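One structure is given below, represented as structure tokens, and several questions about it will come after.
Read from first to last, the chains carry the letters A, B, C and D; within each, the first residue is number 1.
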Amino acid sequence: MGLIISAVVIGGGLLWMLYLSIKGQDVDRRIVYLFVGATVALAIIFRLEFGEVATPIVKSVFDKIENLPAGSKIVLSYDFDPAMAPEVNPMANAFIRHILEKKHRLYFMSLWATGQSLLSVSLNDVLKPEFPDAKYGVDYCNLGYKAGNEGVLNVVITNFRKMFPSDANGNSLDSLPMFKDVESLKDMDLLISVGGGKPGVKEWVLFAGDPGKVATAGGSAAVSTPLLYPYWPRQLIGLLGGTKGAAEYEAELIKTHPRFKDKSMPALRMMGPQTMAHVVIIAFIVIGNVAYFRSRKKGGQS
Amino acid sequence: MKRQIPLVLVFVFGVLLAIQYFVPSEASQRGYEFVLDWITIIGIFAMVLGIWSQIHVGYNKIKHRSEDWQYSVVTLVSMFAMMFFGLSFFGGLHGTIFRLIYNNVFIPIQATIFSLLAFYIASASYRAFRARSAVSTVLLVAALLLMLRVIPTGPLADPINKIGNWMLLVPNLAAKRAILIGVGLGGVATALKIVLGIERSYLGKD
Amino acid sequence: MKYIILLFLTCLTLCLSQAILAQTASLDPPAEAALVPSEPPAPPSNVRVSDLPNDDGHGIQVKWNLSPDDGAGAKSVISYDIYRADTPDAPDSLWKKVGTAVLGIKSYADKGERDAGSRDYLPKHTNLYYRVYAVGAGVRSAAAAAGPVQATDDWFNDMKVPELVFCVVFLILTVRFINMAKKGADLYVRPLAGIEAIDEAIGRATEMGKPILYVLGIGTAGDIATIASFTVLGRVARKVAEYQTSMIVPCIDPVVMTIAQETVKTGYADAGRPDAYKEDSVYYVTSQQFPYVAAVNGTILREKPATNIYLGYFAAESLLLAETGVLAGSIQIAGTDQVSQLPFFVVACDYTLLGEELYAASAYLGREPLLLGTLKAQDYLKAIVLVCMIALLALRVITGADVIRKPFDMPWW
Amino acid sequence: MTSKMAMRILTAIVALIFLVSWITKSGSGMSDSSFTNVRDGFLITFAVFLTLSIFSFLYRDNPFYKFAESLYVGISAGYWMCYGFWSTVVGNFVPRASRSLSEFFHVPYQEHADHILIYIPIIFGLILLTRLLPKIGWLSRWSLAFIIGATAGLNLTRYLRSDFISQVSNSFIPLFVDWKGVGSFISHISLAADGQFIAILSNWVIFVGVMCGLVYFFFSKEHKGAFGVASRIGIWILMITFGASFGYTVMGRISLLVGRITFLFGDWLKIL
């Protein structure tokens, strides 16, 4: 319903603009403004979502988690601060849902002091209410934050217990069943770092994934995504870049596991207005060029 | 006297601070910090000039009843109100009313003005991205490719992503470097012109 | 009793090591989490101390050889802790922990504070001793104390030789070209469209009877881009006065406003029309980015200036200003050294001075030999850079050796 | 006069909406205290009014925008003065200038600061204020000279490393990454983001881009011949960069608008 209204309003308007341009009239900039405002507003009001399809770089992360045998060991590191959270927190939540849904074992940690509190928000808002059966110490555990940046990785790549004598709640690692067969990061099946700064995905690749020969994936803020691209596909199995990457992952998650359909998917929701606005701006550029070539042709004839 | 002393001051402080950069000793560090402090403190006195300018311009408008003088009243009243509520009696910067005004008037306007950029970026794209010449076509295509990344484009999404990220990484780096090297040189040249007194238009005539 | 003390000590060590390792407070492990203290790793050896070079005399450089247990084995080192004291045989309580290095690291720079009141104060010209511990899981072992060592002032930072060389070369080139220019040598500079447009724009303003808006950006007087903008402002003001048109200069900083007032006044005086200068034409708005933009945007739409000139330091407001200017139908000339804002100016303005061109603008407008001399010096340095880059890269391709970065990685003598 | 009439009607409508919103919002407040409810109802309504006033600028300049703008500028100036006073005067200057003033403002007095040196900038500051006195106004140039001279000195040497030296030294990148001969290169050509071909291509683009960019910025030579070709490549690289950065920024700006519209429809109208 909302989609039809929006499509009619915006599509009709754009066609009208195109018609005006072909006739050689210049479009008032206020109409451009009106379009942008209306587009974003309609998309927000009707909660428009578009069929995000995972690009290979996102799909490969998803497939990896999807195809690992149940009970695989996955590290998820919260390497970000509140400023980056709107962009990357949806990724972390999507990872949590996917990993626990596939009955893997999830090890949380953080290389950023600020990641700790964001991590507990995720635990309380996503993990505990949505996976009431998940048992602490068996299905997931929280190692918390350790100071030392990539130095932490240098240690845990050889031995977890040296860096983390206990988890964030003070339990000895040996008392947690899920640490029985874990000596170091090398025993993990997948490492995931979510973050946008330093230390972040790059440090995980260079100090943990590469030396330990463990599959590494990442999620990063849009700003740092281009810098990480050259590590894919050899050193990074995949990467979620910005809100767009997060939305693709969320879409893939809903497609494969429909039970998440009614859960909050903030990235997917954010992408609705974004996609619409980008389509409209691109349409403007096209219309502008049509008008330009039209007027040049006329100018050439006269 | 009117011109010589300022020129001497510029030269002396310019040379001293330029040299200071190479001298790590404690005296030199302290000197550097002092000068930075001095600039801040002189800035406080300059603030008086700023208020004075505000009041002067506003007062003149109101006095001569020039067009839109009413709005000068709004500006001056809100400025003094804010200063009044920022007094220590009301709790200074953490006073309730002060924060209330800041959070409920200042912040919404700020966010809205910033969001105007969404409209402007659209109108600028509509007007400016036209394939007038080879150079403007390059600009247009690069911008289009980066915008297309956001839209689900099916099988095209992956190559567009790859090219987009590559453009943000590689040509971007080259262009930034070329510009920064020039900026570095230009900045030194400008500073040198000032210190040597070649450029002195800010120092007045007589 | 003995066991209670032992238990207490174990807990204490654990808590301490925890605190040291994590540097985060209060992660008290419960008693059952206690690890059995294993054997401590072998201590590091050959601890050497020296004055930290290139500092203000409050730093010491500590170096050591790695512990044999570094990196491998059951009792592997986790980190090295560095302690400092005034005497080599001070009791443990007087040794102050100054820092930690993770495993594999062989040195630590103890950069102390300068002020005696500070917690991290490191006295100058005083004998100091250092101890380095190899820390394992809850256990540690120390190498023999090293020292004495004294921190001393340094009078030249030899890491900065490249800058010094550069400055000297630049100065020599500048002086040489200025002398050439004074003797009457013809120094050619290619025309720059953006700068030639300034002249036309002032003429246009005169014809239209509309003012010129000059925005110095949102930088303070401490930004070199703002200073470059002042130098252009002076020349623009002079032309404005000559053409008998008017100008508006809203400022974001009181100091910038004051300097701008003086500059514009001088420009008017240079043109022989000091009486035409109006104090209120250069005014202070407010010191925050978006309020300033809101006000300038209002001014643009109300005054409809013939020309808007934006030169200086700009951030996100670049597009806000430039699009409003388009709305008002003004000719717009922009220039900034902020690479991130150049795209918006390029898209929305008629002319844009890219980076360096902003700094060159005053020389172009003034056409004085002295100023052109510095431009030539800049060009020569650029040429030197170009030639060096090509030559060194060719050398690298031919020899296959990575010799190129060396000259830049200090110290190299 | 019709436009004036229209303006009045519009103002009346806006006032009415404002009032209705205020009443509704006050009624639906969460707090127990009715004063707080009425206050918060007013504040959110006022914030909406200001938001819409700023947006009205997109249509054209109008009294609502002028009002919001003047208010904004006034508040900002007042805020800045208070901020400057509390952080710089009280936080920075008072603790070093006088013990009794420090006690008055409850800030710790710095015992071992150099109290005499603090008077030098005060003298410069007072000299600056002579601007307000026409007769000796020229004295203020001394202070300006100090500020300009100091800044120029600071800028002369301080940014050379980040803007010049490290940029130049970082441009020395291997042009033949992992070179194992032509045959190996050709047989391994691929468009993988981490492949050898892309690595070599990228480094060449960076190297040539920096060179040509520098050539473009040459002032002493006209862009003709080989020089013209190089500067042409330079401007292309610059334009690719500008276009890419522009296109890339769109998303962030739309997010800002989404934030504002969510505020209007969600926080105010509660229809989301």
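Worth pointing out:
Everything that follows uses one rule, which is that contacts are C-beta pairs under 8 Å (C-beta built on N, C-alpha and C of every residue); 3 or more make two chains touch, one makes a residue touch a chain.
Just so we're clear, the structure is a prediction, and the values are computed from it rather than from any experiment.
Comparing the CA-atom centres of all chains against that of chain B, the greatest distance is found for A.
Centrality annotation: D (chain centre taken as mean Cα position, compared with the mean over all protein Cα atoms). Averaged C-alpha coordinates put the centre of chain A at 27 Å from the centre of chain D.
Distance from the chain A centre to the chain B centre is 33 Å, each centre being the mean of its Cα atoms. A straight line joining the Cα centres of chain B and chain D is 6 Å long. Within chain C, contacts with two or more other chains are made by residues 160, 163, 166-167, 222, 224, 227, 255, 258-259, 262, 285, 287, 290-291, 294, 302, 342, 344, 346-347, 354-356, 360, 375, 378, 382, 385.
Chain contacts: chain A has residues 29, 33, 36-37, 40, 229-230, 244, 274, 277-278, 281 touching two or more partner chains.
Shared contact sites, meaning residues of chain D that touch two or more other chains, fall at 54-55, 57-58, 66, 68-69, 72-73, 75-77, 79, 84, 128, 131, 141, 144, 147-148, 151-152, 154-157, 159-160, 164, 168, 171, 193, 198, 207, 210, 214, 217, 238-239, 241-243, 245-246, 248-251, 254, 257.
Looking at the complex, you find that chain B touches chain A at residues 118-119, 121-123, 125-127, 129-132, 140, 143-144, 147-152, 154, 157-158, 161-162, 165-166, 168-169, 172. Contact residues of chain D toward chain A in the complex are 55, 58-59, 192-194, 198-199, 248, 250-252, 254-255, 257-258, 261-262, 265, 271-272. Against chain D, the residues of chain B that register as touching in their complex are 2, 5-7, 9-18, 20-22, 34-35, 37-52, 54, 68, 71-72, 74-83, 86, 88, 92-93, 98, 100-102, 104-106, 108-119, 121, 125, 135-136, 138-147, 150, 162, 164-185, 187-188, 190-192, 194-195, 202-204, 206. Across the complex, chain B is touched by residues 54-58, 114, 124, 153-157, 160, 163-164, 166-167, 170-171, 174, 178, 222, 224, 227-228, 230-231, 233-235, 253-255, 257-259, 262-263, 265-267, 269-270, 274, 279-280, 283-285, 287, 290-291, 293-294, 302, 316, 319-320, 322-323, 326, 337, 339, 342, 344, 346-348, 354-356, 358-360, 362, 370-371, 374-375, 377-378, 381-382, 385 of chain C.
If you check the complex, the residues on chain C that touch chain A are 14, 18, 21-24, 27-30, 32-35, 71, 76, 78-79, 102-104, 136-138, 327.
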